[in-house]
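Shared between the two complexes below is chain A, which pairs with chain B and chain C, respectively.
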Partner chain A sequence: MGSLKKYIVLRILTAIPMFFILITVIFFFLRILPGDPISAMYGGKLPAEYEAYLRHKLGLDLPYHIQYINYLRSLFMGDLGTSIYTKRPISREIMENLPATLELTIYGLAIALFVGITLGSSAAHRRGSKIDRLIRVYSVLTYALFIPWFGTLLQFIFGVYLHILPIGNRLDPTVDAPIRITGLYTIDALLTGNFLAFFSALRHLILPSLVLGIVLSGIFVRMTRENMIVILRKDFISFAKARGISNDKIIWKHALKNTLIPIITIFGLQFALLLAGAILTETTFSWPGLGSYLKLRIEYRDYPAIQGVIVVYAILVIIVSLIVDMIYAMIDPRIRY
Partner chain B sequence: MVIFVNKNLVTGLVVVLVVVAGGVAYFVMFGVPKPKDTLIVGTTDKIISLDPAQAYDYLSCNIIQNVMDGLLRYKPGTTELEPALAESYTVSEDGLVYTFNIRQGVKFHDGSPLNATVVKWSLDRAMSMGGDPAFLLTEIVNKTEVTSEYQLKIYLKYPFSAFPSILAFTVAYPVTPTKYNTTDFMTDNIVGTGPFKLVEFVRDQRIVLERYDDYWDPDLLPKVRRVIIQFYSTATALKQALDAGEIDLAYRTLTPEDTASYVETNGTNFYITEGPSPAIRYLVINVKRAGVDNVKVRQAIACAVNRTSITEDVFLGQAEELYSMVPKGMWSHEDVFLDYWGNANVSGAVALLQEAGYNETNKLELDLWYTPTHYGPTEEDVALKLEEALEATGLIDVTVRSAEWADYRQNWINGVMDVFLLGWYPDYLDPDDYLFPFLNSAGAESLGSFYNDSTMDQLLENARVTSNVTERTEWYHEVQQKLAADVPYVPLWQAKQYAVYKKGLLGVILDATQIFRYYTIYWSAGETASSIFMAPISEQKLE
Partner chain C sequence: MTNQELLSIKNLSVVYNTTRGRLIAIDNFSLGLSEGEIISVVGESGSGKSTLGYAILRILPPNGKIVNGEIHFNGINIIQLSEKELRELRGKKISMIFQDPMTSLDPLMRIGDQIVETILEHEKMDKEEAWNIGANLLESLRIDSERMYDFPHQLSGGMRQRIVIALAIVLNPKVVIADEPTTGLDVIVQYQILDLLKRLRDERKISIIFITHDLGLAYDISDRIAVMYAGKLVELAEKNKLFDRPLHPYTQGLLKSIPELSIDSKNLVSIPGYPPDMVTPPRGCRFHPRCPIAMSLCRQKEPKLIEVEKNHYVRCFRSGEVAFK
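Up next is the complex of A and B:
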């Protein structure tokens, strides 16, 4: 385990410069883009001197490098700053929005994995057949789906036309939110025994998590299929077949277990994609998570808020890839450096 | 043993799944029942801050207008002020001292009382905390003084007859010292004296208001018990939510195409109410630039522009032609540009251009500017319509140019654009806010027309000193006449606002104040509302 510890420390150390490059690029990129928070919010309506006063109050009139040093200084102290738009602490706003994103991504990922592994295994099992080809077409098509288009289509079918599922938001308007424990409505509702909120939250999760899940499932289908085909050619599968074990059992028990390792890796690599997908899903379904928050704040050039979300996203991606690497390193001793 | 455990697990899982599926199926089939006296509104707007000292965006202010009161308020359906928390007020002869008599017996939602000290504290708080709209008060107010328990004096820095309309804006609304302090903005909670009180605010998700049964004005006691405002990310989602029956009413903002389709099918499943908006759009002419420094040329431009092609072709009828800088629906408005120059009046334009010395071989070269994103994607189409109308004279060569907002602003400050498109949303609802910033010499410079006329300055000043509305109307008549004669701006169109709602709802009022009042809306007991469209205000009853 000594070398594993060393490996983890090394991975964290390499993540730090990446993190700083990212926040630096974002910091300057935002300021180079045309438009600043004051004119984005008030569109040149305020008297010029008053605009200058507001800019000064926010420190926006300082040279970029001074602003950057100030930003890094507070970031080191764990302070993400205050929103220009609402004047509230960014950390608080992010904590309000993060659970919604987590809830959506957990359900979306569950659907993506379920669909991906089931279809991928089936395709590998029946390689070259019509079903295999259909599943491959599915994986390409879903990978290319544009989330807002697909989401709006489902909203139209299930919401407007069939009247059975809501268009957006996390709860029915007349249902009170469950008492906050984790911020994940389905879990909080169950923990507090608030079944009305539980079913309302679940009903609202169906369409967005389905959209996110289906769009992400394509890559899992392909990965499962490719890896399963390789595994199915391995000797131990042939031996299992020779021992008379049924095909289903070989696929679902022996082959799948060995396919899961590369899938975990893919998950690590795809996590950033998952977050990006969540942004589009959230804005399509009026889902009040970090993605909707980010989109709104970009419109208003709320620098600290945008930077705060990027920091949180970066930390999430780093943590997830670290965990994946660790799992992988534990399973496969060849990965230690 | 292993098999036994697994079986139990499987049975457990199946039971859980059946319960969940059953529950989901139930809600899928029946949804969550909605109480009858509840109104669910959908919007794409967001709330920034519920603190009146900080709020300066549409929905934040609108919620405050429904939960709090000002000293003065707008009579629903008009732009006329009437007493609210102030029962009456007087103005000193020099226009510098306003004395307000505060209404007695009014209580905030937390039970704390309203008096002159609270009003003074609130005004001082708004000015000292330096929130975004604070300048509206600090630029004008010198000091406040309590003269008795229910009497307050406000001293101004200079005579300013539009001051009452600033007091009707949210920044001046009284707040209670029992809940508010002078160090932090209360962004996520609100306690007022208004017809509704706040029940729940989940940021970016929804806000729930409930009728305040002890409201001081029984005439405006809300007719519905609860209002739930749901936030949607996109105009498409808002439309879908309305069509799906998830919300009862959609207000701000559907796409022009969707609005047009609701207008077409008005009365089938939904009603649509149309009203004027206080937002205006206009052309700025830099009177210092060669060519347009000639008043005849500016008058020719005023003749040639075709407002109808903009409102009908670009905005599908969802905008109104505008012939003064003062919007339609506001007192003192006169269609001066229509009277002076007409609309798409090509022959008039040609005659004026010829008088100015232009002909087919010596055409006027004109740069027409627009900014492509700030006012939305329709802006380019507007610029092209204007180009078409100006070139229809055969004597003007238009070059259409564009710049992103930041550069555009710099350009107009630097005075490098001949003619350019701009828009205005008022801070306070008074003709002063549509005329003074544009036409006084200092304001005209900062808005890019560089118009400088001492007679005009004097007329505007006269209208500011007197608080007599009849006298002010006369001054604004002269101001508008002179505006049309000198043409430093060409008013083009005024936006319209729309609310689309389920059949059975009544009492929607859309007026030029753009204050959306949830308290006048109610579920009808059988009356029809088919005639509401196009005549929203006259049909409303405010019993």
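Up next is the complex of A and C:
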């Protein structure tokens, strides 16, 4: 496994240039766009001289390249800076909001994978049938779904009309948050035996994670279907049949396992899409996560906060692609690093 | 055909529904296999010989269908079996070896696990017992039982094919269908595989249908040889008889096209033309467009399979002339 370590180090090293391109683009884009933190917060309400003084105090009047070098210097020291809007450290604000996003993402992803793989496999081995056609229509429909629209629709049906599910936030207002261990409410509540909080958190997760999961499931349906159709034509499937192995075992064991390998790879590439979907879902459901945080801070042109979130997103994507590579090596004996 | 036949195929017809129309892969095919017998089914690609294997095990691709005929194994008509009964038959009574050993094994499963899976699908026992049966089987086939722990990609092509054979016979089936099992292997390994199959016949009384395009291999391994052309059985005889006195012009052509080191390569002849398109096969005898001795009757009417001499069947109007020329 020594070579695996070497591989991970190599992957991180190759990710560094990408990372710097990303934060550089974000840095300059933010400043080129019209508006700045001061005018976004106080626009027109303060004397122009005072606004200029505030800009000077924050270093926003310096030339862009000086600001950039200062930013890189503090980033290199591990400092994401201080929010212009709240004056609090960005790293602390992000750590407060990250768990909500992770919890939503994990549940959404679980739904997307479950729905995608089940429907995709079912369609693949019934290729050309009515069920296959129906599943393909479903997959195309999810591509066309716009998260805020779909989210609002579900909020209307289950929250307003049927009155059975909450339409926003992570907990009922009467329920206290469980003691923080991981920050994921469902897990913390289970770990501390706080079932009241657990069920409240779970109920609040249903709609947002369904929206995120269903919208993303279409990709997994299509990927599973296409890959499994290829796998089902392979000789080892016919040979398994010739050995008398049952159809269920052939589909759900031999074919699915072999289908998952390309799916896991593509998943690593799709993870950024998941994060983007989470931003829209969070803002639709007033979910107090990184996405809602990012949207609010973009409105205030809170440069350090926006840059900080992007850095965290980039690190998440890098970590996930590393994990994907490791899973890949675990299930495919042919892969050795 | 005789009563002691283990497997008997009668008037079997198989079609594939393709985007271009109905493709007749096997047309009114009959063949009987006795216990411990090895029959080779020889033909070009597209002659329907692989389809025959899939049809016997009822594992045709979704667009393939048996439209006519009977396949009797030990008196049971396989065509009428339910999916559950078929699963009990597959691997345990009749088994199949596929063409490409590189792709016939699940790449993500250890050899041992694939063997254990096969055993447990048919027999009630614990995993350890099944594993031991697998290990003993490998040893009896002169394969190191440590191979049980290997993944397919760790093995050479020849070794993989031996493992595939082990998997096919682990439940002691009576019949093994070997679909071009030596394609892609080098010549020495090819003959090792043939020897292994012959040993299985001798030691375990396994009957084998050996599907090949190579008459040389067919001669080496089989008792009888069936020649297929465009979905039809065109000649069937004991192998020496077929080699000494081939009666169908197609068989004659095939024999002339076997490369032999001892013979001057100038004598190597190939059959002109191509196998017919099976969606729109030629009228009359299917071989007539390529036949050197075709006459006008061959273009009009399809010849019947006739027993020209004892146990020598030919489908040709001119077999009589050919035979007694």
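Heads up, the rule we're going with is that the second predicted complex is superposed on the first by the 318 of 337 C-alpha atoms of A that agree within 3 Å, B and C clash if a C-alpha of one lies under 4 Å from a C-alpha of the other, contacts with A are read in each partner's own complex, and residues count from 1 in each chain.
Here is the rule we go by: a contact is a pair of C-beta atoms (placed from the backbone, for glycine too) under 8 Å apart; a residue touches a chain by one contact, two chains touch by 3 or more.
Because the structure is predicted, anything quoted here is derived from the model rather than measured.
Visitor: Once chain A from each complex is brought into register, does chain C clash with chain B or fit beside it?
Guide: fit
Visitor: Regarding the shared-chain residue A:127, is it in contact with chain B (first), chain C (second), both, or neither?
Guide: second
Visitor: Is A:257 touching anything from chain B or chain C once the two structures are fitted on A? First, second, both or neither.
Guide: second
Visitor: In the combined three-chain arrangement, what's the angle at chain A toward chain B and chain C (CA centres, steps of 10°)?
Guide: After superposition on chain A, the angle is 160 degrees.
Visitor: When the two structures are overlaid on chain A, which partner does A:234 contact: first (chain B), second (chain C), both, or neither?
Guide: second
Visitor: Applying the document's definition of touch, where does A:244 land relative to chain B and chain C: first, second, both, or neither?
Guide: Second partner only.
Visitor: If you count the residues of chain A that each partner touches, which comes out higher, chain B or chain C?
Guide: B
Visitor: Let me test your reading of the model: by the given contact rule, A:142 touches which partner, first (chain B), second (chain C), both or neither?
Guide: The answer is neither, since A:142 touches no partner chain.
Visitor: Once the structures are superposed on A, label A:82 by its partner contacts, choosing first (chain B), second (chain C), both or neither.
Guide: Touch partners of A:82: none, neither chain B nor chain C.
Visitor: Is A:217 in contact with chain B, with chain C, with both, or with neither (first, second, both, neither)?
Guide: Neither: A:217 stays clear of chain B and chain C.
Visitor: Could you look at A:281 and tell me whether it touches chain B, chain C, both or neither (first, second, both, neither)?
Guide: After superposing on A, A:281 lies clear of both chain B and chain C.
Visitor: Can you work out, in whole Å, how close the C-alpha atoms of chain B and chain C get once everything is superposed?
Guide: 8
Visitor: Give every residue of chain B touching chain A within the complex, in rising order.
Guide: By the definition above, chain B touches chain A via 20, 23-24, 26-29, 31-35, 38, 40, 46, 48-49, 54, 56-57, 130, 132, 135, 139, 185, 187-188, 200, 202-206, 228, 230-234, 236-237, 240-241, 243-247, 374, 404-407, 409, 424-425, 427, 446.
Visitor: Which residues, counting only chain C, touch chain A once they are in their complex?
Guide: Touch residues, chain C against chain A: 54, 57, 59, 62, 83, 87-92, 95-96, 98-100, 103-109, 117-118, 121-122, 151, 153, 164, 167-168, 171.
Visitor: Spell out the part of chain A that touches chain C in their complex, as residue ranges.
Guide: 127-128, 234-236, 238-247, 249, 254, 257-258, 261, 331-334
Visitor: Where on chain A is chain B touching in the complex?
Guide: 34-36, 39, 41-48, 50, 54, 57, 85-88, 93, 96-97, 148, 152, 155-156, 159-160, 163-177, 195-196, 198-200, 202-203, 206, 282-288, 292-293, 295-296
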